[in-house]
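What follows are several structures.
What follows is subunit A paired twice: with subunit B in the first complex and subunit C in the second.
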Partner chain A sequence: MKTPAGQRRGKLAPYLFVAPNILLVLTFAFYPLVYNVVLSFQDWRLEGWRFAGLENYLKLWTDDVFWVAVRNTIYYTAGVVPPTVILALAVAVGLNRPLWGRLAIRSAYLLPNMISWVVVGLIWKWIFSAHYGILNAFLKTLGLPEQMWLQDYRLTMPCIILASIWANVGYYMVIFLAGLQSIPANFYEAAEIDGADGWAKFRHITLPLLRPIFFMVTVLAVINSFRAFDQIYVMTGGGPGRASLVLVLYIYLSAFEAWDLGYAATIAVMLFCIVFAMTLVQKRVFEG
Partner chain B sequence: MNTRKVNRLPTWIVMTLLVVAFLSTYGAARTPAAAANPVTLSVLYYYTTDAGKVVIQSMLDDFQKTNPDIKLNVQVATLAKLPEVLQTRAAANDLPDVALMVTQRIAPFAAAGKLTDGTPYLPQDFKDQFDPSRFVEVYIGGKIYGSPVGTTVRAVGYNADYFAQAGIKAPTKPEDAWTWDELVSIAKTLKEKTSCKYPLQFERPSLDGWIPFLFQNKGALASPDFRKAAINEPAGVEAIQWTMDLHKQKLAAPGVLEGTEDFLALFASGTTAIWLGTGNHQIPALQAQMKNYKYGFTFMPKGKLGDPATVASGGDWIVFDSKQPKEAWKLLEFLASEEMTVRWANELSSVPARKNVKGLQWKMRPDLMPLFVEQAKHMPDHMAKEQLHRFYGATRDKVLQELAAAVSGQKTAQQAADAMARIIEEQLKR
Partner chain C sequence: MRPGSHRFRKLTTAHLTIYVMLTLGAAGMLFPVLWMLSIALKPANEIFTPIPQLLPRHFAWENFAIGWQRSNFSRYFGNSLIVACGAVAFSVLFNSMAGFGLAKYRFRGREALFLLILSALMIPEHVRIIPLYLLMSKLKWVDTFQGLIIPVISQAFGVFLMRQYMTTLPDDLLEAARIDGASEWRLFWQVALPLCVPAIATNAIFQFMWRWNALLWPLIVTRTEKMYTVQLGLALFQADTSVAGGPIMAMSLVSIIPIVVIFGALQRYFIQGIALTGLKD
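Right after this comes the complex of A and B.
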């Protein structure tokens, strides 16, 4: 039987175990978050900073470039998330059965997600190169006209979206696979006995039981889309003009090229609010 | 022995080890790196080519050998990353002691009081040893903040094999430089008679490479008194329109100003025939990569200005607000010495920023260097002042984005010019 002192020590032990990690999270996640909000109320310059109140927020409302970045980010998210989620689910369903080479195929889908986003951007930048890209070379062999993929502002974002879908599908496929494998097989057996075909089983068993996973994948995909930066920076730098400028890239450019840290922090706060609001909306939709 | 104590002992050992490991890592991170050395200087430099990195590092290594009591803690960044590195270090109050900076970023630091005046540490005639048009970059308000290094002069590179094929001779004197109409006519000839896909290309996505064309058309970014923008006046709009027309007529390669294509690969592979706005700084890269064609350089074209206006600038070594100013200026004086200037010029095909240097023997394409020396004399005064004004460094990337928007068809020339003017005036008012 434990003594009172022993009981106290027992209760303390778990906290001591997680203490280092909590310290890290507080130092590298929570503190920067709070400091970012504080910075958004400052006009930060090389000479020093001054309290700017709501100046940065007011500037945001009249900043055309900010609204272009918001529009592009929403365009990017709407272009990436649905196809990625649907494709990931379709591939997971397809690979959740005995197939020759199933492991190799799963690995092939997952591989693009294993490489750095910078490398993804470089690969696709070369594929889409108007002068040296294999895509235009392929079009040429078919007798079709070459396209100015990344230079044509109408095609820039679709090209980036395609690259992102290619890199993302494998990651969400793995999550869906885990969800599919947690569905008891006897549900499908019972449905077969009742005469349900493949589509009926998918609609009435798989989808409902995957609902929580679906919600999680969609939320993750939306949050990750709003955070997109590396491949866009490498492929186009936000150009041509501002055709592919997204919010995180605008934060980077404001902070490190225009040297306006306070304004960059303000955009970051707005991004947080947008993502938070979208997550709440998604939660309502899925709960409904 | 009490069984309970034995069972709990490993738990306490593990917990203690974890906490100690965490604290020692944290403590080590806080220990100043300089604690073991009497004097440590933090040095930051940028590079644009591998050859440049090798040369700069060799200069720093030589300083170390001759000054073993001063340790150099060196950080290297690409040109593209330099603003990010500087901004991060400025925000952390951890600026280096000595840095190689781009000219356009010096004025804001000087205005913010972040640089050290070298006058007490330098010989009295230090200023007089340099080309005044370059030294003005580091001589602000009567104070010396650093020294210029080799000068990059922008001109026009061309594929010599294509020129021979098309029967075109490049001008060898500034008074014979092409007009804009002649340049377009030559471009069309090259397109007909050679296998180049596009006869022209602009420099990398850099406003510095395009600005000469603005001035050749008698335009400017800002008014002479720097009270308002001038880019949206007719001369500026015309220059933007001219650039757009070259792309629309498929004379200029797309993707270069927009930053989506490899500008060096385009020229080195023979995809393009004329490289507008490039300069001597690309010679090391061209020597390494342009293996299938010969290349040459000629003067910038003349526009309405009647003069082949260009930009001639380069990096500058500067001393930040150092806690070891004596040692920092000792390093800077070494890096700015005649010996180091000559090494920089010879190895990197650069025009020295020093006057009357001896021992100049450019290793790569010495035949081209007299052209750059002559071309450097054609930098308009107002362009030089704009380059040094604090608005330029803060706006040039945004202004370039507007140019790319016009070239890619998203905006008209007037719309782009008006957007550029708004960007410039916002900074002029700060």
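Right after this comes the complex of A and C.
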């Protein structure tokens, strides 16, 4: 029989187990979120702060640089997500069969995803280097005109996008592979008996059954695109001019180079709203 | 000719096409990594040339020594190791405890607390950096290891992982130990935890990789060069012409070795972890 003390101990135990983690969540996730909103209503600089009402939000509305950052972030997302998702699906479908060296091939696609965004940025910065890069050397040997790549305001985003697709494909490929492996093999066998060829099987079995995962991957890729920072910081720092300035980079520069923390927090509020909305979409699809 | 043989031949052609495309794609994926390797092994005069060759003519092994010693990367690797291992240790401990509490007890507020933890997933680091920085400066944690580690301990991913796994542990096992007089902590530490090695491994691998590869938070919370992490060193020294080129690429190469080794050894956990995705915190 349990003693009253033992019962009390048993009742308290779960709370004690959960407590440290809850403390982390409150201190390092929720407190910053709330404080960030508070900051957005302040004019917070190193010299001190004052209540600013909606000033930061009005400034945001009329700040051309903010809208450039929004546009670039959307450009980046639109450039990265569709090719990444389609390539990841194609590779996953290709790999979802017994192949000689399957593990090695899968690892090759996954390797770039394990490399930090900083190193991804460094590698591609060298490939795209205008003076010492292999891409221009290749163009030169073909007799084609060389390009400035990252220093050309029209080409800088496509270059960053290409590097990011390279780094991302393997990650989503693994998610698709997990989804493909959950499709029962007898679906395909039944279709084969009915005389379906490879394309028909893909079109009528794989695609419909993979739809929830396809959607999840897309939303995830969009959310991750809105958080892009490291590789752009390394490759261009947002330049040339503002040609590759994205939202997170603008938050960083406003806060830690201009030290206008209130305004930077306002941009962060905007980014949070966008990402939160995307997460809700994702959740709805998950549950629906 | 049997009716089936035609179909078989068509199948093998399709198979072969897919195989060739996959292999070409894989080669394309590997090329940038091999190019990094090539630059890492080239002397400066082979790098800073308008027509760089695919392979180095003279192997410049000194690039590694220059990066490691003269540019102080040995220090940055040490710092990164401390930060990544620290984050792994705290994450594994706190997440396992929370996962155990949430999976193996019925108590008031259980669902609410789980939801509270999970909702941390919806607050990306990028929208927290400013308040976190102010918090760090108030605590005098700027430019310290605790500042680099504690705010980025896993808050939700690991808990979700551990809770899912611990739910599958049989209650009888815990009850039997309880009857034998084991304390609740012992149930967790000596009965449940040893059975959760796969989930712990997955959590540890991902926390290590995320912390090892992180740039944004170290960029904000460090001030002095002696606290730099590897990624920070790579990002900030790339523009420095005395280190740029060979040594930076050599250090980039070294920086991916720990992750590649862990991946090679524990690939299964990697793949399972990614399949649980959408949960990166």
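Here are some notes:
Convention: the second predicted complex is superposed on the first by the 256 of 288 C-alpha atoms of A that agree within 3 Å, B and C clash if a C-alpha of one lies under 4 Å from a C-alpha of the other, contacts with A are read in each partner's own complex, and residues count from 1 in each chain.
Heads up, the rule we're going with is that a residue touches a chain if its C-beta (ideal position, glycine included) is under 8 Å from a C-beta of that chain, and two chains touch if they have at least 3 such contacts.
Remember, predicted model here, so these are calculated numbers, not experimental data.
With subunit A as the common reference, the superposed partners subunit B and subunit C clash.
Of the two partner chains, subunit C is the only one that A:Val118 touches; subunit B does not reach it.
In the superposition on chain A, A:Ala78 makes contact with neither subunit B nor subunit C. By the touch criterion defined above, A:Ile86 lies against neither subunit B nor subunit C after alignment on the C-alpha atoms of chain A. Contacts of A:Glu47 after superposition on the shared chain: subunit B is touched, whereas subunit C is not. Contact with subunit C, but none with subunit B, is seen for A:Ala265 once the two complexes are overlaid on the shared chain. Contacts of A:Ile22 after superposition on the shared chain: subunit C is touched, whereas subunit B is not. Once the two structures are overlaid, the count of subunit A residues touched is higher for C than for its counterpart among subunit B and subunit C. Looking at the shared chain after the overlay, A:Ala190 reaches neither subunit B nor subunit C. In the superposition on chain A, contact of A:Gly238 is made with subunit B only, not with subunit C. Using the contact criterion defined above for the overlaid structures, shared-chain residue A:Tyr171 touches subunit C, although it does not reach subunit B. Once the two complexes are overlaid on chain A, the subunit A residues touched by subunit B in the first and by subunit C in the second are 9, 13, 16-17, 20, 125, 131-132, 252, 255-256, 261.
Those residues of subunit A that touch subunit B in the complex are listed here as 6, 9, 13, 16-17, 19-20, 23, 44-48, 125, 129-132, 148, 150-153, 235-243, 252-253, 255-259, 261. Residues of subunit A touching subunit C in their complex: 9-11, 13-18, 20-22, 24-25, 27-33, 35-36, 39, 91, 94-95, 97, 99-100, 103-105, 107-112, 114-119, 121-127, 131-134, 136-137, 140-141, 166, 169-171, 174-175, 178, 198, 216, 220, 227, 229-230, 233-234, 248, 251-252, 255-256, 261, 264-265, 268-269, 271-272, 275-276, 279, 282. Within the complex formed with subunit A, the residues of subunit B that make contact are 4, 8, 11, 15, 18-19, 22, 83-84, 87-88, 90-91, 108-109, 111-114, 197, 205, 253-255, 258-262, 265-266, 271, 394, 397-398, 401-402, 404-411. Those residues of subunit C that touch subunit A in the complex are listed here as 14-15, 18-19, 21-23, 25-27, 29-30, 32-33, 35-36, 39, 47-52, 54, 94-95, 97-98, 100-102, 104-105, 107, 110, 113, 116-117, 120, 122-124, 126-135, 150-153, 155-156, 159, 184, 188, 209, 212-216, 219-220, 231, 234-235, 238, 248-249, 252, 255-256, 259-260, 263, 267, 270-271, 274-275, 277-278.
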